[in-house]
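Going by the order they are written in, the chains are A, B and C; count residues from 1 in each one.
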Amino acid sequence: MFMRNCWYVAAWSSEIVAGKLVPRTLLNEKVLLYRDSTGQIVAIEDRCCHRGAPLALGRLEGDCVRCMYHGLLFDPSGKCVDVPTQVTIPPSLKIKSYAVAEADSLIWIWMGNQENADPAAIPGFEYLSKPEWHGIPGYLHYNANYLLITDNLADLVHIAYVHTNTLGGSEEYAREHVQSPLQKSADGFSLTKWHHNSDLPPFAAKVNSTLKKVDRWNSVHLKAPAFFYLESGFGPVGQDLKKDRTGVLEFRNFQAMTPETDKTTHFFWVYMHQETDNVDAISASLHDSILEAFHEDMIFIEQQQRVLDDDPDFQLKAIAADAPLLHLRWLIEKNIKAETAPRAALVSA
Amino acid sequence: MFMRNCWYVAAWSSEIVAGKLVPRTLLNEKVLLYRDSTGQIVAIEDRCCHRGAPLALGRLEGDCVRCMYHGLLFDPSGKCVDVPTQVTIPPSLKIKSYAVAEADSLIWIWMGNQENADPAAIPGFEYLSKPEWHGIPGYLHYNANYLLITDNLADLVHIAYVHTNTLGGSEEYAREHVQSPLQKSADGFSLTKWHHNSDLPPFAAKVNSTLKKVDRWNSVHLKAPAFFYLESGFGPVGQDLKKDRTGVLEFRNFQAMTPETDKTTHFFWVYMHQETDNVDAISASLHDSILEAFHEDMIFIEQQQRVLDDDPDFQLKAIAADAPLLHLRWLIEKNIKAETAPRAALVSA
Amino acid sequence: MFMRNCWYVAAWSSEIVAGKLVPRTLLNEKVLLYRDSTGQIVAIEDRCCHRGAPLALGRLEGDCVRCMYHGLLFDPSGKCVDVPTQVTIPPSLKIKSYAVAEADSLIWIWMGNQENADPAAIPGFEYLSKPEWHGIPGYLHYNANYLLITDNLADLVHIAYVHTNTLGGSEEYAREHVQSPLQKSADGFSLTKWHHNSDLPPFAAKVNSTLKKVDRWNSVHLKAPAFFYLESGFGPVGQDLKKDRTGVLEFRNFQAMTPETDKTTHFFWVYMHQETDNVDAISASLHDSILEAFHEDMIFIEQQQRVLDDDPDFQLKAIAADAPLLHLRWLIEKNIKAETAPRAALVSA
């Protein structure tokens, strides 16, 4: 069960090249993405309603896609507009079509009730569209449910243990941090974590040779179902970093987890900086460093999936630091229940 | 569920070499094929009744097969005739034996009630045994239910889309064809499809340099559960090809689909010609061309199986051109129901 | 379902190297094996109670293991003794711990009620600890339920068919043997099989050039759930081998089958001799010969598992020679029933 009446990331804009049919499974549904003759994104069911053949094996004809098994042609609304062997086409010959939007270099898709799709509701992360922030779009495929990834992101303590040699610095980070209260919102939460007088972590030291000992902060924003925004910075020890950003090294990080199936996930990410010299080299260095760290996470997260698969009766036991992740899971559950509640129940409520 | 009281192709004759034990799963049952001391084909269960060991790991002793785990010996009727460690052999020590027949270079097997096996009921395709028709026996293994293959064969329109560059010629074939009415019979159907003034398709052009523009016909015969016979020809445009075969290039095609399991299929085929020069080269050229086309089909058919597996609730929607395939599926269903009906029902009917 | 209130072999002692965390699934449970700071073996659950991460990805700290996902630390009793982000640790934060013992170069583990674990109940095979017996510890992984392996060991007739060219000598072994009555005991059975005037089998001939024709015996001891002890010997034909061991070549064989899952098994084994010259070369020759034979068994045993998986309705049919294996299976079933019987039933019984 997934939240459906919301936007998910279907792809990076750059993945959907003009003239190409791109099949992608999203929330267990087979979707075909392509650009129409004007460059607008189209998302239709990747399954011919006639004999089930994938339309990804088909042919783009203007704005439409022809199934190359028996020749049925579908327009962007999913309507069948040509059957080579017959003249009349019954309206039942149609496939699903999905609302899509292109924003912030991302393709967004609405998998729920199509009449509710509202482009104004597309989650925004302002740094994605600001020209002074640079980064390389990234993609990873996880053999794990998307919630195991949001769990990971909701507790930054794991940085100290999983990412000691990449993102994390010392284990003191886990123990001596100063964490802001969890700021809950209607669709997620925010929290900020400070760590004072720590070493500049390895990934940051690769792109900055000035800072050594630093005060650092991470401001995490998690939104249901699965968006992670991070503002982080490293500055001279003792400087009032909340007010004075002189000599401060700052990064912005966006991660979107889109369920592929119940046990696999599309993971879209970018790690951004605002340096002005060596922009591409710094982008590449950060991309490589963060990718290394993500592979450290992936080992744990995919193993968790296997552990849960092997023993469905296994009950996780919460610790105090789980409050954020439990809040996000609770929010998602609440939304799913609201979406799937019978109408009568809604009326009486 | 499969039709069982009927003949299936178990192998090409040439596959069952004297002295060799050949294991093959047919209709979900493990069967062992071999030749007895006189060269007659034997088919017994490939599973020792004692501890389940495959008899394919055993040893041929005259007409019998010895299990090489604990030494039990089985005769061609499936009866155990030796247990090394005991003198008396209870009649319950036996395995299944199947009626088999060798005809038209094929090994035929009856998987249902053995007392009903009637060699006279073996489907015949006269060209298989005529010396003037030449071809190379072929085999393919499909990761798909056999009905997805018969579906494919029952609608020749797919030639225009799937096989444009191999068998098909132009997409006009799909639209401008002249099709005879579907001729239904007790065990299948026939239909003939004409296409006038078309290009000689690539596979035929490789073996014939005389014909360019042609009138072409395909006469399809499909028999339940899964036999396909095709008579096809290409002749000069405008010539009365039904009467005058001068300069006509003709082919005969046999295909037998035998279920291996619910989701895999043995596919036996041969494509025949009656040229008299360069016989072997033409046989080889046709074999290669058709194989290329079968691999085009296989992509669609195996993908269909995956699509159906991924969503068992998916409902196919028929078009007018599906009438033949729906007739064949209906026939097979009817036969399966008759085979599995309780006796009382049969009597009262 | 497995017997649980008994000892199983978890590993050879030499597999658990100081400083290393060794994950191993036993009876469907994920176990982590390591040595504490004094070299004592510890076995705890290989699954953090917090988020399910494998502790095998963790870090050994003295006698404890730290989960490297969020830093929880567990002591050898399974108690959580550190959570980096909180001061108070609720007693519910704990994982399983298993009784273990090291004896005869093996690590033994008790998977059932821990309060019942009794080191005195560890199955002993005296030759494992006698310095005059030499052999190389071996391990194999089987894709089969452990009972298919004990079945194999319970009927030595298979030696004649499966191991003709390795262990077995001739098929006369199967027919002309003299077998002692099955000696049943509370936890298994013993039996001795004699074969007179046979050829020294190939594996023995490789390490002994004196004997040609021999009288041979195999004394098998099988103990529930899955221990096999074999005493075997080869001596001059006609000599009273029960009394006079002059010129006799003797071997001792130990095999322990520990269920990994319902369909996979850890197989620990050693084949021992007491020669005094070329000790290591003879050990290596015997190891290689027996391994070759085990691979002959493995083909049958893993195929049996597949046959049973493919058709859960398949019923094995017993022959007279199955009496020993049926006795062992009956014993195991009886023990499992006793272990899983509700307490009330036990009281009323």
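Just so we're on the same page, a residue touches a chain if its C-beta (ideal position, glycine included) is under 8 Å from a C-beta of that chain, and two chains touch if they have at least 3 such contacts.
Since we're looking at a predicted model, the values are computed, not measured.
**Q** Give the rotation angle, in degrees and rounded to the nearest 5, that superposes the C-alpha atoms of chain B onto those of its identical copy chain C.
**A** To map chain B onto chain C, rotate by about 120 degrees.
**Q** How would the chain A/chain B interface be labelled, same or different, where same requires over half of its residue numbers to be shared?
**A** different
**Q** On a C-alpha centroid basis, what's the spacing between chain A and chain B, in Å?
**A** 48
**Q** Pull out every residue in chain A that's touching 2 or more other chains.
**A** Residues: none.
**Q** What residues on chain A touch chain C, complex-wise?
**A** Counting only chain A, the residues touching chain C are 151, 155, 157-158, 160-162, 171, 174-175, 299-300, 303-304, 307-308, 310, 314, 316-321.
**Q** Enumerate the contact residues on chain C facing chain A in the complex.
**A** That would be residues 28, 30, 47, 49-54, 57, 66-72, 83-86, 92-93 of chain C.
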